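Reviewing the structure listed below.
A, B, C and D label the chains in the order they appear, each numbered from 1.
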Amino acid sequence: MIRVGIAGATGYTGLELLRICSHHPEVEIIWATSDSYSGIELGNYCPAWQGRTCMVLEKPDMEEMAREVDVVFLGLPHGVSMDYVPAIFPHAKVIDLGADFRIQNLETYEKYYGLHHKLPTVVREAVYGLPEIYRQKIKTAQIIANPGCYPTSIIIPLYPLLKNQIIQPEIIADSKSGVTGAGKKPTEVTHFCEIDGSFKAYKIGEHRHQPEIQEQLSSAYGGSVDIVFTPHLLPIKRGILSTIYVQGDPSVSEKEMWKIIENFYHNEPWVRVYPLGQFPELKWVLGSNFCDIGLKKVDKKHFVIVSAIDNLTKGASGQAVQNMNILFGVDERVGLPSSVLYP
Amino acid sequence: MIRVGIAGATGYTGLELLRICSHHPEVEIIWATSDSYSGIELGNYCPAWQGRTCMVLEKPDMEEMAREVDVVFLGLPHGVSMDYVPAIFPHAKVIDLGADFRIQNLETYEKYYGLHHKLPTVVREAVYGLPEIYRQKIKTAQIIANPGCYPTSIIIPLYPLLKNQIIQPEIIADSKSGVTGAGKKPTEVTHFCEIDGSFKAYKIGEHRHQPEIQEQLSSAYGGSVDIVFTPHLLPIKRGILSTIYVQGDPSVSEKEMWKIIENFYHNEPWVRVYPLGQFPELKWVLGSNFCDIGLKKVDKKHFVIVSAIDNLTKGASGQAVQNMNILFGVDERVGLPSSVLYP
Amino acid sequence: MIRVGIAGATGYTGLELLRICSHHPEVEIIWATSDSYSGIELGNYCPAWQGRTCMVLEKPDMEEMAREVDVVFLGLPHGVSMDYVPAIFPHAKVIDLGADFRIQNLETYEKYYGLHHKLPTVVREAVYGLPEIYRQKIKTAQIIANPGCYPTSIIIPLYPLLKNQIIQPEIIADSKSGVTGAGKKPTEVTHFCEIDGSFKAYKIGEHRHQPEIQEQLSSAYGGSVDIVFTPHLLPIKRGILSTIYVQGDPSVSEKEMWKIIENFYHNEPWVRVYPLGQFPELKWVLGSNFCDIGLKKVDKKHFVIVSAIDNLTKGASGQAVQNMNILFGVDERVGLPSSVLYP
Amino acid sequence: MIRVGIAGATGYTGLELLRICSHHPEVEIIWATSDSYSGIELGNYCPAWQGRTCMVLEKPDMEEMAREVDVVFLGLPHGVSMDYVPAIFPHAKVIDLGADFRIQNLETYEKYYGLHHKLPTVVREAVYGLPEIYRQKIKTAQIIANPGCYPTSIIIPLYPLLKNQIIQPEIIADSKSGVTGAGKKPTEVTHFCEIDGSFKAYKIGEHRHQPEIQEQLSSAYGGSVDIVFTPHLLPIKRGILSTIYVQGDPSVSEKEMWKIIENFYHNEPWVRVYPLGQFPELKWVLGSNFCDIGLKKVDKKHFVIVSAIDNLTKGASGQAVQNMNILFGVDERVGLPSSVLYP
């Protein structure tokens, strides 16, 4: 059994970790922390757990608690994770669901997150936790930087195409996310009456996930990739659908482009490449760890790629558990949700 | 032209007052105040107004501002309204959309709202602003206590029945409200992800509107009326639908009961009694000032009454403007929205 | 392994059966039928299944297919189930999710469903599939009439109270259901633009579940129970929340009433009685097989009970699988979803 | 008074025409037709109208009915409009909300709509009803082809930029629409449970509005414009938000690009160009006739433009009434909704 600690268990990614880990046959949840709700039973904080567990949320004390576990999931605001890591490192592996260790270029990190980074050497040793791409490195990592939700939906479909240099390094990604992506803390933006029935773009060309996407895509391509990234806010709770516009040589057929993606992910348990002519919809992935991909050639050179994930599962906590499986030599399919709650 | 001032213009009832008053042919909006957004153009606070007005939100200063207007609408938290009233009284009439002057029994008010009432004499002189019932008194009132949203939906259908003592003074009202009823301030309760796809009852048997309903129903009946009142929170923005259970003598037919309501409201512009066999739905009233009513006899003695209003319009700001029309001798139909935005 | 056949697999209850059975460790799904989609792969009909199964939907032929299984779930329109049963009986047990065998009084059935019943003797031998109440009879049943969704949410909380005759046999049940209750077939009523942002009561006092509720409650009470039942349509996909109004002797305290329910369900794995002061919300049960119950005394004699279920799970397919577990001697907790997809 | 007839009044665009025309001070609605609901009172078909009108829906008989009016709005399926036109022409002007007269290239029309066009000469004389662009021609038109909803949201922001040839003739338009765009007829696609909580792209690169957009943009540019157009379906009722990606010379600043749009629409009553740094959201336009536009330069050459309309108002019936105003010499602002129902 893998002994697991969850720091920041009362946020949406923390609760999703609990949902997944509670059904994982190889996991024992040793503790779950909460700054604001320590001392409270999980079933009182979130009645969905009533009658299913007696677990009490604990005040975080990493010096002590890290000794009891094999791995710590950090579901914390950026800037906070880096304070926890040194105390954990001597005892347990770290899977950070925040942004502190995702971006190798520290200048970029500091510019986008407005913080001085305290652990530059840890950044260098951190492995970017996209299992389909960095599986080998993940196996032996001490710390895994779990990817952002938008980046997961964009990098997975583009990686094989850029790696093969079959598309131009100039990408337009139009992404739409559910509101859980904004976190559990109530704000004017997430008020029901401000979201329901509406829709908007936000942080156009300046979202914090943009440099993360760019770094990863450029690394795949072996050269600088330009990305125009526009996030939007959907009036739904979960899910990210990204519509991605790429250009290829006119001689490249729809079938060839599709084949490159399909071949790359053929044996992956959590990536589904749809047959040509079919496209992902959020309802087919919500609650599951799948990343679904569809593709179409729409004119001489433009291809439209559609990808869909659950932002809390494959876009956060599901991917984190997939990384944990790799870290501890467990089959990647084990313990992860494949069912959606449809309808 | 009626010169109007709106105190608390950036809350949901304040914005609804602006929506209605801006189309009212007899109204000139002289000022609109906001504690938090004073100095800001309305179109910047709420882009729906961009290009339509240059009005700037002002810091409230009633001593001065009351002189410039004929009537002040107070869209303020309870407890705050009573601080504004003395400065307004020498100069203008008051229509209070809050709870401070709705309940005649001060002990009840103080128990339910947890506040000491500073203006007991003003409470006694305040008129409860249900136009269909208190029209005569409203005409000459100095201050009008605009009814609560739930009470409006419950008192209107029950008043004629209790007045005629054709039902027992024992009522069950099961009401369902949209989220705007909880106000614009973001809280954990109103977070999109906590509301969407869910539904709950709340404050069962202890909601602040209960004593208000009871006082009015008892006054109609001429004796104490028991009310069991259960509010619920719908995953929608606007609207209250109340399902009300009453008992009559087995000899009373569905048609007779219906006739009593129908006759009472026959000439009312803003109450629609549906033909027997038809029932209100929220979509037929949202955005309008209508209160729609349907009725059915379901067994020997039980009758089910369904009423529907828009909580921000007939349940708040629309009714406030209807009261203003009465106060200033304007036809009650003028300036009030009759269209719904369907679908 | 229990060999399972699902007739009517492409409706919402059929798809929910597939969701649950596919994770059930003791179940092997032998076949799933569809009149309209036979010959099509499940993953093509419903892409959520892509990459997870190669199952092909089959044309129903009970004579043949019943031989291959231990139990057949019937997810069919009322009137159709009774045509399937005779062919299944020689070979397999039947769990009918429709209404054909729920009501013992055939006259009532024929009046409410507008059909002549072809199998009156089977009705008499059918067991009403509420495990918490009829567990013993279910164990040996040949055919189980799986309860309606509204009845499940109303009978579970009321059964112990009526059995103990601690409440009057006069009940008001105000129920609110998500749209999946109306089935998958598109109609004017279920059009997104007719539902979203709206709310209504429907079939007031004349819903088909009313006689089913009445028969069960009267049986519990040992005498005729009057029920006023008002269903409503919520703008959500899943879930039923029932607000139930009952009357007790003034001497009965809230605690006593609560104790009767709590004691009755104390050891039940799928019924959760909330501590006094807490109430169910749909989000705490959606996707799970739980029935959650809360209770409050609101005046001298009135008690308000709130119950919540997922109409497709505890209200249909989950309860059906719970019944199957009992039929085949499997622990009732096995294979049923306890997690909700929150948020 | 302009005497108006509405053919196809019970669809969503027909009902929106009724909403707008009923408040238009210069309009008298003479008749409204419905194939399926003729003989029924509007208030019975759609209870929102109860108590507001006694109008009865009529069976269409254009030979007779066209004589009674000055203008006929056609809210009919494509292919049907062209059957109505000949009978109307001798008596009244035509504003067609369908697609039959929007595309000048008949081959393209026939390919995309799968129909033989019966009135090619009328197509040539039809004026494309975008008032901001074709105002002069509209004034004297006999028949106006009211633009499609997606095209309206895309052509308005792009027209001045292409006219000035300041952007490259290669456009990516990622559009998101509410469900009313799919019409009132219930289908599997528009079932509440298939839409709520989900999101998808559809008809990628093959939507019928694509050739309409292309024809108009090419005409503006004076040369062929390539458009990649991806429509998406939002889980909301009304509204289209288009995110448009264009490329300009690196020397062109954000301010210059913005100025070109701003100058072009400066005096337009129904187009609002947002200050730099601000962007449209659907909630600021829903229910109104506004088209809102925002712009940002995101890298050396890419600009992102966001436009928002209500698809039933500026995207259909509002624009139709704006065209009617021009046709009959009425100020374009008159009778059109400027308020949104917010929240």
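Assume a contact is a pair of C-beta atoms (placed from the backbone, for glycine too) under 8 Å apart; a residue touches a chain by one contact, two chains touch by 3 or more.
Worth saying up front: this structure is predicted, and the values here are computed from it rather than measured.
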Item to complete: Have a look at A-D versus B-D and report the one with more C-beta pairs in contact.
Response: A-D
Response to the item:
Taking each chain's centre as the mean of its CA atoms, the one lying farthest from the centre of chain B is chain A
Discussion item. Distance between chain A and chain B based on Cα centroids, please, to the nearest Å.
Written reply: 46
Worksheet item: In whole angstrom, how far does the Cα centroid of chain B sit from the Cα centroid of chain D?
Response: 37
Worksheet entry | Separation of mean Cα positions, chain D and chain A [Å, integer] | 39
Item to complete: Would you mind listing the residues of chain B that make contact with two or more other chains?
Response: 12, 180, 184, 193-194, 196-197, 235-238, 280-281, 283, 286, 343
Practice prompt. Mind listing the chain B positions that touch chain C in their complex?
Written response: 172, 174, 176, 193-194, 197-202, 204-205, 226, 228, 230, 232, 234-239, 241, 243, 245, 279-283, 286, 296, 298-299, 302, 304, 306, 343
Fill in: Footprint of chain C on chain A - complex, ascending
12, 15, 19, 22-23, 46-48, 50-52, 180, 184, 196-197, 237-238, 272, 274, 278, 280-281, 283-288, 290, 292, 338-343
Response to the item:
Listed in rising order, chain A residues that touch chain B in their complex are 12, 179-180, 184, 186-188, 190-197, 235-237
